[in-house]
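The same chain A turns up in both complexes below, where it pairs with chain B and then with chain C.
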Partner chain A sequence: MDPSEVEFLAEKEVVKIIPNFSLDKVYLIGGDLGPFNPGLPVGCPRVAGSEPKTETEVSGLFLLHGWMLVSTVHADKLEEMRDLERKEDAFTPVPSPYYMELTKLLLNYASDNIPKADEIRTLVKDIWDTRVAKLRLSADSFISQMEAHAKLDNLTLMEINTIRSFLLDSLNCMYKLRSNLQPGSSKGQFTGLLIHKNLGRLGFGLPHGPFVTQKTFLGD
Partner chain B sequence: MDTQSYLPVQPGVGMEENFLSLDDILLSHERLPIRTECVFPRLGFLEKSSDSQDIPEGTKMELPLWLSKGLYERKRRVLSVELPKVYREGWRTVFNADPNVVDLHKMGPYYYGLGSQMLHFDSPENPEIGQTLLQTFIGRFRRTMDSSQNAYNEDTSALVERLDCLEKTLFKSGQSGLNGFQSWEKGQASQLTASSLVLNYRKRKMTDVQP
Partner chain C sequence: MSDVLSDDGGSEVNQDDSREDVMTPAELIAKLEEAWLNEKFSPDLLENKSEVVECVMEQLTHMEDNLQRVKKGDAKAGIHRMEIDRIRFVLSSYLRSRLQKIEKFFPHVLEREKSRGEGDPSLLSPEEFAFAREYYAMTETYLKAVALKRMPPNLQTVDMLKAVPEPCLDSFVFLRVKERQENILVEPETDDQREYVVDLEEGSQHLMRYRTIAPLVSSGAVQLI
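Right, the complex of A and B next:
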């Protein structure tokens, strides 16, 4: 899965905007939006939230996601989260299943509308780094203890996505190396297929018997 | 995002080989030390050290894996296969002590693959070999993972030179995860680029393409 696909999924997440325009309720397949009144916060998917700013250039459009308010009401909430994340061994619950993607999307589109944008960016990146380090640590102990299954509580899609292909490939390899240990798993004689494959590769005909006495092989 | 014009077939790793995997084809050409248990008539040309027409019983020579695997039979003893020295007791102790210090590329480069294939030949040491392979993989896993997930935009040749072929494929998939994330974070993922097939096609001269 590509990170941009994860980002696409994140765009459905509802963010709060404070519109400075008025619009009646919009009826969409995914649900109704609005009505929009200037100054009143209203929920709206991210993908729709960014549109007014870029297209109609309504200045002062305010995009927020509750947890992102570092400045005033939820002061230091992100900092608390970061400290908790560093203290705990397990993964702590994150504010949104798409926190990384939303941070990037919102800060890139509306960094001038969000107070302390730089601080938020640093804090979220700190949380991400701590979590990825933890993820790697648990992947290592998962492999070294030869576990068969794991619960991925509180992990987000983007985090899983960065390590997915590597971890799955190594688990495959480990499974095969482990099945070597099982007595009589696929042990025993070579399959006929194998020798045919190799002889065919060298341009020999298929052997019809023990090939030391085979005439074609000897090149007579 | 790396797009390829074909999908490479992964090596089979365990006792089975993948028919279409390039790595497994190369693996099947690894040479094994063997000892003949019967006369091989008129095959003396394979054994360069003697001038006789036949290969006599009890000759020590090297044969590729695919041939020894085909000739080996438990009931009718045609040849006996000796363990290559990396799988013997002495090296196994080294691997068990610290798998990270070993240069598996020099030792292999198909250490895991060949080791699994060695289990086809009945040997009293088979359980230990299988155990050592698994423990070596587990012991080296952390280093492979850390280096593949952290080396962004730098020369990785120093990191992969001591890795086994199997670990190199793992390293690559780790790198693709990291590169995908980094290019998304920098905003490169949203840019549209021309397909590599189109770019390569333009480089070719029309005279080469047309019959």
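Right, the complex of A and C next:
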């Protein structure tokens, strides 16, 4: 899956805004939006303000600049989360299933309206780094122990996406290699080129990245 | 202008009430997104959701007709247009990934369609079926014209079913559980490991082989992610 498609899904997430304009309720196919009144907080999917295009296409631009965003996560809360994430072996719950994408979208478009934007950016990046390091380590132990099932609670789509193609392709190739070893198996039909490519990839940069600080296992 | 769009909201509700299968437009979009993600991540072609596709198309044309009547530069129209674009993207991405799979596995897809029983739901929509058949015929003609007719007579036939690789049902997938499932059998990776069962709790996420949970994907009990 392309990262932009994950972002596409994240754009549906509802964020709270305080509009400084007024607009009647909008009846969308996917549900109603608004009504917007100046000064009254209202929930709204992130997408509606994300794409300012031209001057004539008012809505995006208008909404984007008209919005004062209220960040629902506060810096001290994020700090707690970061510490917990570092302490725990398993993945801890995150504020939103799309926390990374939302942070990026919100901070890029509206950093002026979010207090402590830089601090939030750093904290979220810290949390992300810790989690991805855990994920790599888990993927490594998953492969080396030849497991057939893993529980991945609290893992977000974007995180899964960072290792998806690499992990799944490797697992599939290893499966084919193994089933080739068993006599009478007809499953292994692939070329030497593929084997070669995969072995090269398996040894590449998995376990000993610079972020790895602690030993963890997938899920529990 | 606001009347046009508000009217539209009202008429949608009425339309839905009269249908046998009551579903709000919002649920319909959610269904489409579900089908899109499942299709994207499953190694095999899934059952077609032509009902959902048709309903979404209907909604889109309806909304576009309404937008035709709206004067340019209206803030609301922009929001509506953006939503239409997003839904259209999901819809075409869904159909595209199905076509890609059909192109990849066409002999097996046609074979499954042939061997399916009378009452079973069809794997392909009529359009997809026509596409698969045409694709099959064209590939065959091409192979013949380019290579086969220059071969010795005893080598001039090719079995498409053997020539094209089957979908690999043993690949791993990521999934989220929507309805609790008990006693899912996990097959061992190696001979010295024993098989064991797991319970899939609602809302939990897992990484396992597609073959084990394929029926749960089609029943909608799990969502691939």
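Just so we're on the same page, the second predicted complex is superposed on the first by the 154 of 220 C-alpha atoms of A that agree within 3 Å, B and C clash if a C-alpha of one lies under 4 Å from a C-alpha of the other, contacts with A are read in each partner's own complex, and residues count from 1 in each chain.
The working rule: contacts are C-beta pairs under 8 Å (C-beta built on N, C-alpha and C of every residue); 3 or more make two chains touch, one makes a residue touch a chain.
Because the structure is predicted, anything quoted here is derived from the model rather than measured.
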item	value
Touching partner for A:M146 - first (chain B), second (chain C), both, neither	both
Which of chain B and chain C A:L84 touches, first, second, both or neither	neither
Contacts of A:E7 with chain B and chain C, given as first, second, both or neither	first
Which of chain B and chain C A:N180 touches, first, second, both or neither	first
First (chain B), second (chain C), both or neither touched by A:D32	second
Touched partner set for A:R164, first chain B, second chain C, both or neither	both
Which of chain B and chain C A:D24 touches, first, second, both or neither	second
Contact residues common to both interfaces of chain A (with chain B and with chain C)	146, 164, 172, 178, 187, 189, 218
Residue numbers on chain A that touch chain C, as the complex places them	1, 5, 8-9, 11, 23-33, 47-48, 51, 56-60, 62-63, 142, 146-155, 157, 160, 164, 167-168, 171-172, 175, 178, 182, 187, 189, 218
In the complex with chain B, residue positions of chain A that touch it	2-4, 7, 104, 108, 136, 139-140, 143-144, 146, 158, 161-166, 169-170, 172-174, 176-181, 185-187, 189-190, 193-195, 197-198, 201, 212-213, 218
Complex contact set, residues of chain B against chain A	1, 10, 12-17, 19, 25, 28, 40-43, 66-67, 69-70, 72-74, 78, 112, 116, 119-120, 127, 130-131, 133-134, 137-139, 141-142, 144-146, 148-149, 166, 169-170, 173-174, 176-178, 180-181, 183-185, 187, 189-190
Residue ranges of chain C in contact with chain A within the complex	2, 5-6, 8-9, 12, 25-26, 28-29, 33, 40-41, 59-60, 63, 72-80, 82-84, 86-87, 89, 93, 165, 168, 170-174, 186-191, 193, 198, 204-209, 225
